[in-house]
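In structure tokens below, several structures.
Look at the two complexes coming up: subunit A is in both, with subunit B in one and subunit C in the other.
Moving on to the complex of A and B:
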């Protein structure tokens, strides 16, 4: 809570610098501005949602429904636009749908008291089903050019809207988690929700805000994804939740809640993006990329445990 | 001279930079009850962990019945004849009593002969003078009964030395009496009991000899008959404490601040009625299970009352959430620091500011960190919280200092009514005296104080009046002049000392 970089984050920084150096030496085109922007753009929707997921997991909850909400929002957009709704109005409807989805999660978790793992798993299936019903077995495109331009072209110079949004949210949510009263409540509830309740914190309210925010940002990212690809299908963003949670956990956020930092998650995002990009430049297939990231995640869970074990043994012997 | 059953000779143990034990020697005789006392941090825990094989000493020798032994694990210690029970017993709720007793007894082989096991379990429990059905599931057992199961478990392993670590911290008065009877029964069987407790009166009731340790060193070992309470306390803290509990001259009671009438929560407690004045300390006494904490929780909005009225400063109020209680100026210092009171992995400052975060926010909702650390520093000094700064994790502090952090959190909310639930459970005599002094100080500043305590000497030392509860009912309010240990116990237990009501 007080140190700038934890030992874990220092480790992440070292790994990041190593991947950067490796990539730069293997592929000279790696360090160009365009490649750096592309590298973010390829996974931009996931890494934006990962920022919100960080708060959710620090709060000792989980939201497995994010990718299905992305899919639902994208599908709804495709459906509405192809049914003749103006795109601007369709965007608002999709965001509202996201809020409704979040409200369903929030009520079941924060008011009824069902574990978020169960609720959001059910919604992962439910919202995905809705998305498939809307799009059927086809793909829906024909978006207005201003929509696809927003998704694909630079807004300020070569920097697209989604990338600006990512950095804005990184700073905003980082400040929220580490400097604000709301963030402190998120951390304390994640550490021990009963202590929080006995200290007069409104636990249900904090959880409600988080699940609403998570769903809203997911719906927004679904739209960004649709705009970037130019079309949507029933399986748009399928399985993204696992990549998103991987980024958060690799960033040193404890799956048990109460511990984690935005700096760590940012470093973890940088590592994953660079690894994927580097491996892509080396012509390694997507399957191998996924495998490498899997190994990285296991290491990220094992390593702190092994270190703690090692320290404990050293103390015992001393 | 009898052969000692356990000898510790010149034990030392360090953890990193701190020396937990220095040249500690101790001799335990068969069939004696040997009390060990010392402040928190004196080295008692380390000593227990060495005797039970959890830690290995850096130097020194352990002898069991004259034989030098190395205790590598708790299992190794049990094989050598040493076992321990703690204030929180370890029982498996889904197994029955007999299964719990023999859970770690591998001598029973692979095939269970149930009739034999039940008979043996009964023969272990009977001599302890306790009635306990060995076939019933452990899930409904009281804490005291769970301890009996643990003791029987130790006996099944044929232990020669049984360590009891703060066994009575969570027991009611008559459960304590029963536990002390069990200790006497063990003694009669020739088992040596090492008895560790902060409650000195128990030591005088049960122990044959008492050893004082301080700062990891052996200070004295004397027959109990030769020591006085004052002498023990002096040995423990290394100085004389002015008084166990400093009581200011009779408080001139101010106006009535909190008035509770016929307060009830269906199925939990009924018809609680009392007035609490400014500057008054009202103690809630009663046995464990008297529902005192439930009354406190209804006043704090955790489990609201279903009937009756609460009047605060002349206004009738409804309290349905902790936020409402806090807005009215009511604070509740919980008995369970770990589960309800403190966020253990977070630093001191974050725990102190927790209930008053709103005050520290700027217009953007960000915490004013300078103000927050100033707040923490103020309390660290004012309450003498022993820690180099307020960045230390609360979980790393001793029980007494944790209690002070929890107190600081609530003092910062500037409460009018402050409810303490077991404010000195599991903290050492020095910290206890400090907490008592703080409570009296607050009362003299006009705070109305409600204290729930199972420690009768504490109740009598602190209270202006004593409200006694039994099984969810109010059975009397005694002014302090009329409150004696005997009268309070008689009220709390009821006339006929009936069997424990079914849980």
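Moving on to the complex of A and C:
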């Protein structure tokens, strides 16, 4: 099994198994089915977006606007439903709004050629501003029961819709990245866009597809968030982009592009979720939880660099 | 067998009878039972919530609960999502009762309903669930209507009866602050306040730096501003410090809800001559007593039930006038602090 994993992924697997063992021995409630579902459910929107963010970062781009698009889509849904729009229609409008937001990103990045860091940073502010204008300083709720049921109750047995979506997208996007022609283009462009362009790849098209997909999935997750909590505010999903990017980087995806796997990101997600859940069940306060995860991330960024440095020095000596 | 059943039925009937007789009298919960409880404030790291914890611990020791009382909370910047996560985890742990100062508005209602369905009671204090969904009852520090009047009166006094004032609140979804501001707006409709003008409501999210900047922003935006009213212990200190740092205390007075220990210097130097508050220690103490009674089944959380709360005496569950369909236990009253009494209270 481990033969198929990179050394980094093997390390992640070990950390994950250690976390599982710790949780199971110190928190008796940890292994219950409901807790295992809650563990995913409490962060489900972030982890779904992390899947598509993996493709974006492997492509040597970044999308900082995902959380603002989630917020915008949730706010728009709250606004439309409270203005009397049928919820089904409101959902379609919100997904369309997500596509429009993605198109704005895509045109500026892939056609005009502005770096995605700059474009999506601007849109992080812009889309969040729109969300705040729609909801103002209040919260909007009163969604139809079928919407909140979809967000809060099990669809197949105890498993809710959003969790099914997560696993479906995990497989779908994993196959796309590692087993399809499009995925190979994503990786080649991420390794060296210039070379890819000279080899005849349609770089702009691949990037356009990625930013459209990223925005569409973010808009969908904004709706899932609204349904799960039953009401939305202007600051819904504020700051989520950092958690999402963190999950992807801990998964071993290179911020410079070209390298990374869906397996690594999945393991990274499992580690963060299980750590949070275990610490919660052990009654650790929010400050300690943030501290522990912070230390883990610092270590995860430092370790590979130190190792590379060490290897380079050894080679020089030899 | 028949006899036994009849006997049981009789005993049950007697118990019901005794139960209903007891309803008229205040109920005192039997001490020494096992109640596992979580005190969940909006976030950790500010004095009022530590004081509430001290009161709750005092009550737990007094009642001799053989269960645990945990004091856990999220970080301020992750307050809403963190509270939802912690309430969900408490449900998983099968805690008997969670005492919640809600900072997530109605977004926490689904998690609270799930908790109740799994047998974990949710009692709110300090800040309720606006819709009342998923909440057994709310332990209110003071009558929300009377806070509105006191805030209007303090603004009136400090502005000299006329002029512009603004509100610096906590987070936009803090149910308690929102209710007080609404009540203040109601009070301002009175003839007495016709020359007093509320020009803006801004939110510092109970973060010192953000509140400080929002206070300065108000002064820049409204050159004729006379009073900043901050119904939050974080906001009022930040605003008072901002006015002091900028040398504006002669022009703009700060008031609202604050802790004497944190406000004493600003009250004595005239930056915040008048503010109000209640005891958070007592609020924590009463909340634990009420929650213990509820978790042990001594009370059911229905309107009209009365219970004793140790040194604080007898309390009654009633309809919450501010939230149709929801119930509250009213603590009250509060104290207005000035330079005459602030030093004594600060120690």
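As a working rule, the second predicted complex is superposed on the first by the 310 of 318 C-alpha atoms of A that agree within 3 Å, B and C clash if a C-alpha of one lies under 4 Å from a C-alpha of the other, contacts with A are read in each partner's own complex, and residues count from 1 in each chain.
In the analysis below, a residue touches a chain if its C-beta (ideal position, glycine included) is under 8 Å from a C-beta of that chain, and two chains touch if they have at least 3 such contacts.
Here the structure is a predicted model, which means the values were calculated and not measured.
When both complexes are superposed on subunit A, subunit B and subunit C fit side by side without a clash. By the touch criterion stated above, A:200 is placed in contact with subunit B alone, subunit C being left untouched.
With subunit A as vertex, the superposed Cα centres of subunit B and subunit C define an angle of 140 degrees, given in steps of 10.
In the superposition on chain A, A:184 makes contact with subunit B only, while subunit C stays out of contact range. By the document's definition of touching, of the two partners only subunit B reaches A:175; subunit C does not.
When the shared chain is aligned, subunit C comes close enough to touch A:229, but subunit B does not.
Judged by the touch definition given at the top, the superposed model places A:83 against neither subunit B nor subunit C. When the two structures are aligned on the shared chain, A:192 is found in touch with subunit B, with no touch to subunit C. When the shared chain is aligned, subunit B comes close enough to touch A:259, but subunit C does not.
The superposed three-chain arrangement places the nearest Cα atoms of subunit B and subunit C 40 Å from each other.
Within the complex formed with subunit A, the subunit B residues making contact are 14-16, 55-56, 302, 322-323, 325-326, 332, 334, 339-347, 350, 354-355, 357-358, 360-361, 364-367, 369, 391, 409. Listed in rising order, the residues of subunit C touching subunit A in the complex are 38, 43-45, 70, 72-75, 77-78, 81-82, 84-86, 88-89, 92-94, 105-107, 109-110, 114, 131, 172-173, 201, 203. On subunit A, the positions that touch subunit B within their shared complex are 1-2, 175, 179-182, 184-185, 187-188, 191-192, 194-202, 258-259, 315-316, 318. In the complex of the two chains, the subunit A residues touching subunit C come out as 29, 32, 34-35, 38, 42, 137-139, 141, 148, 151-152, 228-231, 233-235, 239, 276-277, 280-281, 283-287, 290.
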